[in-house]
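Common to both upcoming complexes is chain A, partnered first by chain B, then by chain C.
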Partner chain A sequence: MRSYLEHILGSFYAATGWNVDNHYANLTASSRDLLDFELPSGFILNVSSLPTGSSASSGTLKNLGGVVDGAISYFYSSPQNILLENKLRSESVDLTDFLCGYHQLHLPEPAEDPVYREMWRGGRRVDSKYSLLYGKLYLPGNTLESMLIRQFTPTDQIVVSAVSDKRIQNGGALMAQLQHNSGRWCSEMIYSSHEALLGFRGLYNFSVDSHLPELPSGIASIPGLSASSLLFQPQQSWFSAGGEIYYGALNKAAGVSIGLRYATTSSLVGTPTTTTFTLNPVMGQMSVAYAVQASTSTSFASRFDFNAFSYESNLTLGFELWKNKNSRDEIDDFIVSAPAITDRSGDQSEAKTETPETLQPEVTAEGADTTQPISMIDDSVWKIRVATDSPSVRLLWEGRIKAFLFSVGADISLHRDQGMKTFGLELQYAA
Partner chain B sequence: MAFHLSEESKERILKFYDISQVAFRFGFVPLIIFLGWSQTYPRPSLIRLLSPLAMTRS
Partner chain C sequence: MSFQFNWPFSTEDNFYPKVTSLLTDALNKGAKPPIIVDDIIVKDLNFGTKPPELEILEIGDLADDRFRGVFKLTYNGNAFMTLQTLIEANPLNIYSHLTPSFTNPKFLAANSSLKIPLTITLSDIKLSGIVILVFSKAKGATLVFRNDPLESIKTSSTFDSIPAIARLIQSQIENQLRLLFREELPAIIHKLSQRWTPNGNAAVATNAKSSAEKDAKNGGSPSSPRVKPVTLAEVNPDLPMLSPTNMVQLNLLGQAQQTLSLHTPAISDAICRSMVERHNTEEDKDDDDLSSIIMRSRRNIKSGKVRRHRKVINLRKAEPEKEVAAPSYSEDVKADVAAYHRNLIQKQTMKS
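Here is the complex of A and B:
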């Protein structure tokens, strides 16, 4: 389950139109969410609140092996009302945003014109720069984790994050990233006080190929029907190439890596896929990953890692299954059974659920939804991951019960004598 | 010509560094809360800003 900080960041970037998929660090995000998902460890309770459109707070209590600790976080954003309530309330949020799953990439579109951010009053410019402040205090221990994001223009921002803790070297560490994201090209200059590291990352998106999908044969035979007449979104695909280079001035160590990505986005009948290749020539590590959203409720990912120096290899497989009352499944049914539309001319009574109008749930006079079985769990996802280098199965269930989000996970060893290696439960509520 | 700091100056700089770190560690979160309170109109009550358990905006 994503942390509240990630939700706030997602809301901030959605409101400012910043496409994080263009960051080189997120090149493998689609397969990473399916293969490297984290399991809750111990019992974690997280309660968050959004008292105003620019402030939020969050408290976490964690019990791991009888040791109880906690943290409290505060957020402030500018200008006002930039934090989107519909993306942050656990009661009403779309769980595909809230829970980790197949990450649907956003199209690399050009950033908005800075003129649209200008506000004038009485001949004076009064708009403020978009910014986000975050501070998290861990208790006990008084470790501070902080972050500042400031967008100068729709294409440029600085991200400064710092950790302050007297137990770590020099009492803390600081990292600054200067990011430029024009849609087509995204670059980051990085400085970290840890080892005095300097780095540069870049990602270039090649032009987007766009075409309308082919209709299923049953629909295509109907005269007068085409993909555009059914308002299908065109299926789009694009290719991205990026790399990073860094140098640690204190330890005199350098590194470099390159990555390629080919992605297709969803249309109503399309299959979103992401294929990535990453290579670190210094470490001899290469990795090929493929993630596909096979249907609206299932996703699959596989990754093959190979080290050219040690000849070590690893194959990781991940699968997720959504069970929800979302109407996407009904839309699938509509597409598959669309030829039945022709029956409407012959017999109106046989046209059951195939019409777009009946895709809406039937609502009685009292407002009760009669088409869905009554269930406390409205949305949930099962995730499973296996890898050849570790004889264990990672299993995770996440779902919403009433307004609470639950995450239950376990790492089960396949050796009989080891049993369960990790087990945890996380409970999240955001008002 | 090399630039040399006296021992006293070095100690002062280190002391200033330590104090500023403590001030940052314990002052950053109150600064965020203060900004959230002072830059929002109408101003929310402090308890709603401070506590994650407080009710959200109506």
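Here is the complex of A and C:
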């Protein structure tokens, strides 16, 4: 389950038009969400609220083996026209996005012109840069985390994150990332004060346009015709390549890796798949991953790691199943007419006592343009993962029960005498 | 007086494997640095041909079945030991384990781990230190180092061709060994010496039998013996349990609270906490103020004696008998005063 910080970050990036899939660090995001999902440890309760579109707060309580921890965090975004959205409210939840299902990659679009961000009043420019501030205080341990994101232009932003804790050497650490993200190319420069690490990451998308295509001459005179409406065939697949290089000045450590990704989208044409290949030439580590969304309710992923120097290999398999309780009834209702559906689902929810079910049809005005299938609200998801290097099966159940998001996870060992290694429960509520 | 060493003591068949397994457990007990990713296994152990030299500094106790003394131990022999483990070769992997998680740049593949096997041979061990050696026929023998005995050690490993790594390994191994000498060696020698004591022999025999039975049940998986912690009383049974100087200081401290004197005797390396009677377990039963009732019930529930249930505490009680003529204080202050007086009387009787 994603933390509330990741949820607010996703909402901020969506509101400011920043494509997170273009980062090199998210090259294997689809397979990583299906294979490396984290299990909650102990009992975690998270209550968050978004009182206005610009500020949010969240509190966490953790109980792990008798030790009780807590944390409170605050978010603030400026300027006021950037509205953070709280997708966790029970009326408008898209669980597929929030519970880390198969991550649907979207074709990287060119960034908006910076002219659209200017605000003028009385001949003077009064706009301010889009920024997000975040602070989290862990209460018994006195650790303070903070983050600042500032977007100078629609394609450049800086992210500064810092942590202050007396257990860390020098009392804390700071990391700054300067990111440039246009449709075709995304690069990041990283500096971390812990061991003075310098890093550079870059990703290039082949056959993706950074600028909107220009209309051929002669057609431009026809009013009402724009370039986007001429693109009847939106791009279905694209190929990305990237690399990263790091150098630690204080501990003389260096590392480099390269990665390739081929992603297809749109389930109307075929199943969306993502294939990635990463290579660390210095350590000789190769990794190939394949993730596919077989239907609207199942996804599969597999990954094979191999080390050319030590001949260590590892195969990981992951599977995800969405449980959709009322899918059949609501498909018939939807075909009738769009406005009638909300009434119907409202009646159904009164009839049921256990789980209120809502349906949010994603019908836009230009219904034919959307390449996404109509998203259905799924009630719960089962995730399972097995690997050859560990003799245990990781199970996770996440779902929504009465406006609470539940996440129950267990690590069950296949040896007869070992039993369940870890078990955890996490509750999340957001107002 | 001179010592005759039967060196190396290879009289038992099971001696070297037992020492090897004890040493392996001791090396893997603490937290390992992130560069070592696997258990440290002792592959080869040889005590050499030259025994250590003992010089008597002080003999504390000498009898037919007991012996205690302070010695100066020097060792310049040719014992050697071979260790085997796996180390992490990617420095960025170690970095990503050590850096705080919030400021961790999300490495994609640059921090993948590469494990390299490492074999180290420790030889030319030079020891020199002051040691308290205690031997008792009933309890066995053990020795405790007063200071850090390791003078120098020569490590040769598979990474000798890379001097930077060789130096790093040398320093890490020296630290682990110093820790081993201070903390684990007394317990190991005590455990090994059990075979020469009458009780110990029986214990060793039953241990061997039960471990053999367990091995047969588990289908041959070896179970290494757990090393029992050794208390100072076992090492040096003739020292009194309570130090006389400390008792005098404590008495002075207790008496200082009876007067309004501003001078409080100080006890070095100790924290003085007042109202200790509140946490005294034997006299808790008489305390009937709310905080100690709650603490007692919580302790009982935690230890499993009582199940969690609703308890009604009647705060209105009959007045207890006034042991000391005092103005009317509240209930808990009275109970505190009574407990303090009882404690003081107990201390006086113990002193006399």
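The criterion applied here is as follows: the second predicted complex is superposed on the first by the 340 of 431 C-alpha atoms of A that agree within 3 Å, B and C clash if a C-alpha of one lies under 4 Å from a C-alpha of the other, contacts with A are read in each partner's own complex, and residues count from 1 in each chain.
The definition used in the following text is that contacts are C-beta pairs under 8 Å (C-beta built on N, C-alpha and C of every residue); 3 or more make two chains touch, one makes a residue touch a chain.
Fair warning: this is a prediction, and the values are worked out from it, not measured in the lab.
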For the combined arrangement obtained by superposing on chain A, do chain B and chain C clash, or do they fit?
fit
By the touch definition at the top of the document, which applies to A:Asn314: first (chain B), second (chain C), both, or neither?
neither
Comparison of chain B and chain C by chain A residues contacted
C
Just to be sure I read the superposition right, which of the two partners does A:Tyr74 touch: chain B = first, chain C = second, or both, or neither?
first
Quick check on the superposed pair: does A:Ser237 touch chain B, chain C, both, or neither? Answer first, second, both or neither.
neither
Counting only touches as set out at the top, which of chain B and chain C does A:Gly135 meet: first, second, both, neither?
first
Figure out whether A:Thr28 sits in contact with chain B (first) or chain C (second), or with both, or with neither.
second
On the A-aligned overlay, A:Thr52 touches which partner chain: chain B = first, chain C = second, or both, or neither?
first
After superposing the two complexes, the shortest C-alpha distance between chain B and chain C, in Å, is 15
Intersection of chain A interface sets (partners chain B, chain C):
162
In the complex of these two chains, what residues of chain A are touching chain B?
47-55, 57-59, 72, 74-76, 78, 80, 85, 89, 133-135, 137, 142, 144, 146, 162, 164, 166, 171-172, 431
Hey, which residues of chain B end up touching chain A in the complex?
17-18, 21, 24-26, 28-29, 31-33, 35-37, 39-41, 44, 48-57
Residues of chain A touching chain C in their complex?
24-25, 27-28, 145, 161-163, 165, 168, 173-175, 177, 190, 192-195, 197, 199, 244-246, 248, 251-257, 259, 278-280, 282-285, 287, 305, 307, 309-310, 312
What does chain C use to touch chain A in their complex?
89-92, 94-95, 98-100, 102-116
